[in-house]
């Protein structure tokens, strides 16, 4: 076959393999999702970075799939009971696709997601007004493009780990997310770690694992 | 004065401010540490990136300070009772200064550190032989220079969050840690987030926070 | 004419010139392939980086050509009797186009190719399960994108030269293959050398030459 | 001679030429300062980026010179009567050398400087507590290293132009100030422009010109 | 909703929020513009970086909108009475889209714009012939691509602040505006600050604020 | 108008202004060419970097124009009598568009061009076989992509100045011509200077000026 | 201990572990060499990148060690009987330290080294005069800084694999070896692979393995 | 020996080999200079990039050598009779070392050098005042750091080729001369070609060759 599924990953790491849809044909992605679902019928499996060709094929062939065109995700099978809470804090409207990928992944990885949008640092009161809600989370994902300054500010306000996701939103010297990435790697507030540009998926995995190992099964 | 201490940080984030020793005179660092210690006498306070000028002055002026010349850290005051365990997994001997900064910080931030050194991927059996020990951790920090490949391998083996710390060990196209940084940002195993090059401090803060919020006060 | 073929290259280097299809019109590529075939009728000649326009024209005009649309290659003439064996070890499914270009080139350059796919380091057991097969090779090509960590691991397991091919698979801080390239140049296992991003052809030439000069004509 | 002074610059631009001390011998810098002072005896002239060799020579040879070792500046002659006010807002203690160069330059260029230090975004209340003072300025210079996030926050709070000065404070992926520079160029708050890394001088010239053309001679 | 408008920005900074059209659907941009217009009916509100889909929808749905297809801007509501004058000095014809975005923004932000085009340094007399006109401005925006040398020359001729806008005009080692950006950050004439590549909007905000705070309503 | 022609350039520099077609509408380019031709009817004028839209319009509207679709050039008016000879030495077939722009420009700037193609260093005998022809030139332009090694070799063989033109031919770590550019800037043979990536025009201007000032009017 | 030796590496890969001296104290390096020598008394073991502190200590403490101060290497124990021949072709005199590290490593890894120096492409006849000698090798290492053009030329002349080693020799746009590295990755001659900048060790390992698996024990 | 002199270079290219002093011991450089002088006793030979160790040894051992400590050059033997004139136009005082290397090289390569210093574009009148002198040259070398804008301006004023030499003068985003290099590669005036950062030698070789082939032996 064209692929060797890592069937053992759930046992090793607590979560099944996820299909990276970007370099695959729609048929390949759908086939792999189906195989993963057969391996793990009791637990939602996921494909990310799916174009509309793939989501369209999935809609036809994978009955019951939860599809998000904006976020590019396809989930098949029942979501785990959520443990713990992840705040997904988003700087601007244009960061929404990354935010949606993040929210879906948090849920597939077994935590609760609380999405808070358009609270960039140019109008600080918008963030401060949502501070209490953010403080209820067991982990925070902060998603921002352009200057990527939001995690530095959030990191100075909370006591739980902050996972920063730089986005490619911006132009010119934003360099496709590099400016935001560097800002976040140099965040002057401690407790901030960073994942790849536009990697809402990766930020979610880290945060969901933190949240679920923090919270007892009977959620707070 | 030359500085405005963030006296409120303990209340806001659960940990006091830390002195960044790099751009300061020895006198400035020692003064700030003393002030921080007065603000938080019941809880160890920390300075990082201290040169030997600073550690020498601290040894003379700050009685009872715990000083690590290799790691460049100075801690004053009693360590918190540790909650949870952080495995600090290190690729090579040359990464030790970063590893030492990391271990000290984990302890100042209230978790237990388990240091595992010289387990680079060129001799995989060394890592696999320590797998059980790593699996007992609530969070893993992986420290590596050169190719920075170790977090990708560790990330495929564990179920807790992995915080990757690239180091500037290497030469030529290692570009002072950039090669390792990029490898880690692109780690093909999920659950890996990254901090700045040589930032053992930052990796420790994230991991210690995860560990202590995971573990009940009566440690496992 | 628009080109000056290097008719002497077979005599000098043991292999005829190869057409680089990328910057040429379909007609130019097909014309050059035909001329090369006339110069070297007894030995397969090759064009790489051919788009579908070119492969379509070749299918029509070059009878008996061996065409691979995924790998973008066209070969005309009989393959040499293979000497020696090259393992082509591939991290992920999305690296397949580069892997296919590599396999075809190994064969045109007179060695045997053994393709091993989807054995990335995030699920190490997949690679270890194929270790014996890899150990039968006279040279190994390792193809990987994203973190590019696979050659570091393979390099620690084998005694023959490893040629690493970084691919442009990935996004964000993968920078079109630069992250994988840097990882590979800094591989902490010795015996690894590197070719250009997505250069399955170049990796194959090096490995095939090693394999065929290692193995006596009566192949193993 | 080794240099051609731009004697006409005061007439053209409102301010005399300034000596860039970095690539010059102490003797050259002192000679040029003396010549400039003779050309413009009624108005302070300035040298920047002077090492201690140069400031020592100047202390001996230029009587009445105002010398700042930390900021690396030497001023000779009477300061102009200040018009307008520039707030110089500084993220951390390590940015002080750049801040000092900035303050001296603001004064030599004929405006009043108000220095506000150690108000980085990791402890936001420190900045907000000084908001009123900042609002009294006709222009704001914001100086920050590491993540360079401070101008984005200040820019969202004030109505006068903000000139951002990235500093080389930081390590690793701070890349000697590049991270802060990119952050500032992508500031999501409008009204922010940027000068070169560590260029306290340049930020001051822009801000002082804004301040003095805003304020009537009888300062507010 | 998909966005949280910063309704308070006019009070805080003297100007309402501006819609960044780049990452939004036409419907989103038009909706936000309408909401902003309702919040600030007495004062023009603006959207920038709008494609033709968006300008077409705006033309249909926002009666009285001032639309500039070349500059990608949409303005709704009455322009403020202009205070002060901004010279917009442009190196080449290909920089016109950035120049148009700049002129519109200057006017929406309440200053007068004087556009001077095609005065690049390769034919210096063209610039020198317009020197008097430029000297009448309270602030100068200089827009240039390729070598980005124009602000260095203009900066040596005027006494008001110069805001430099690098453009992505050029090819090869122009690197999409990076060459011009670096030139401008290193301008050897003082008084020059810089905004992001192609950011005519940003340059205009800074210059308009300078101009209007320089000039009394009945200009000085 | 949208442009200010530099009518004086012929007097100042010996050659009229050239239209840079890249950022202009077809109508703008054609209008400017017509205006230039009216200013300099006795001497060919040139537009470069013209797309097929522009060359099509020029074919219709500018009778007698010499149009090269591959090189993207349009010339109007009589060529000057050539003085001196420029060898245009080209590494590969894919560099032809740059080579064609170069040849046309050499002729418009008043020298003779001798085009020598497909003589890359991988088959050195091809270059050595043309050595005598190259030695007859008064200046040499060397055009190469990928490794950009050809100017280093040519520079070691000739006594006249070599102008190196890197091209964007290649992939991966060729970085759109950056690899070739750097190679050429570091050419170990002296007498080599470099112009921008793909700038056949710029290389030609330098070489033609050298050739024509070397050779007396009655050409060799 | 501070290190975990990979005692099994000889069995796995055919060669013992090598000590990377750069990040270690002299005592650490000497201790590790002694331990390695005890593990493998019958076969030379190696340390690379040793400064004079380390070579001095080794001279005193490791009797019989073969020390090369220029190349920074220390070898302890008997060299293996050489199998096969490696030509080490060096562009300039300044590349000698890298060349010496390479030659020593080739011998420790069990092949014969033939060193050919100062044959850069600016004087091609020097290389061509040694062509026969180069053709006797089973593998070629080519070492060059600045433009890094030599492997492209050598690659077009030989039939065995070429391993290219870029060096940091040069200045300015050589960028510490990056220019040479990129040239080599884009070598237009096939059969060339590349190792890290200044990595004479790495180039030697690859070439020696090729040479010794090519040649029967009774060397040619 | 440690080096192979290219004795044939004078015959091939019109000038003898030059010693690159940077990577050599003083003894090596002096030995090579002496050997070159013996090969070419009638014609000055040159070493560049010599530190004070080397110039001191040369002063002692090479009687009659012309040594320039600032420029780092040593010349031995009689200068050729100059043909043609090169204007060496220098932006600032800090560029003098590069300018001195350039002037010496122009003379060793057989042309006359006219040095014009401190005429940067921030005070344009200084350059325009020397325009007539510059117009008498057969070739112009322009040397500038920081913004590197001077060649764009000079290129618009003269009819002879301009060779631009970027220098590493500057700080921050000057990136050791990269900013100036990029500016010059993108010079909007045609007729400008570029050499490596700080390469006064390279600029001189190109310009001297142009000058001497332009001018008849009885100089103008």
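A few points about this structure:
Letters A, B, C, D, E, F, G and H mark the chains as written, and numbering starts fresh at 1 in each.
Just so it is clear, a contact is a pair of C-beta atoms (placed from the backbone, for glycine too) under 8 Å apart; a residue touches a chain by one contact, two chains touch by 3 or more.
Keep in mind the model is a prediction, meaning the values are calculated, not measured.
Matched by residue number, over half of the contacts between the chains of A-E recur in the interface of E-F, chosen from A-B, E-F or B-C. Taking the mean of the C-alpha atoms as each chain's centre, subunit B and subunit F sit 57 Å apart. Each chain gets a centre from the mean of its Cα atoms; for subunit F and subunit G, those two points are 43 Å apart.
Distance from the subunit B centre to the subunit D centre is 36 Å, each centre being the mean of its Cα atoms. In subunit G, the residues touching two or more other chains are 9, 92, 122-123, 156-157, 172-174, 178, 181, 185-186, 190, 196.
The chain pairs satisfying the stated touch condition come to A-B, A-C, A-D, A-E, B-C, B-D, B-G, C-F, C-G, D-E, D-H, E-F, E-H, F-G, F-H, G-H.
Interface residues of subunit B, counted against subunit A in their complex, comprise 9, 12-15, 18, 138, 156-161, 163, 181, 185-186, 190-196, 201-203, 205-206, 209-210, 213-214.
The touching residues of subunit F, counted against subunit E in their complex, run 2-4, 6, 8-9, 17, 20, 22-24, 28, 49, 166, 168, 176-178, 181, 196-199. Contact residues on subunit C toward subunit A in their complex (touch as defined above): 92-96, 117-119, 122-123, 125-126, 169, 171-174.
Per the touch definition, subunit E reaches subunit H in the complex via residues 91-92, 120-124, 146-149, 152-153, 155-157, 170, 172-175, 178-180, 182-190.
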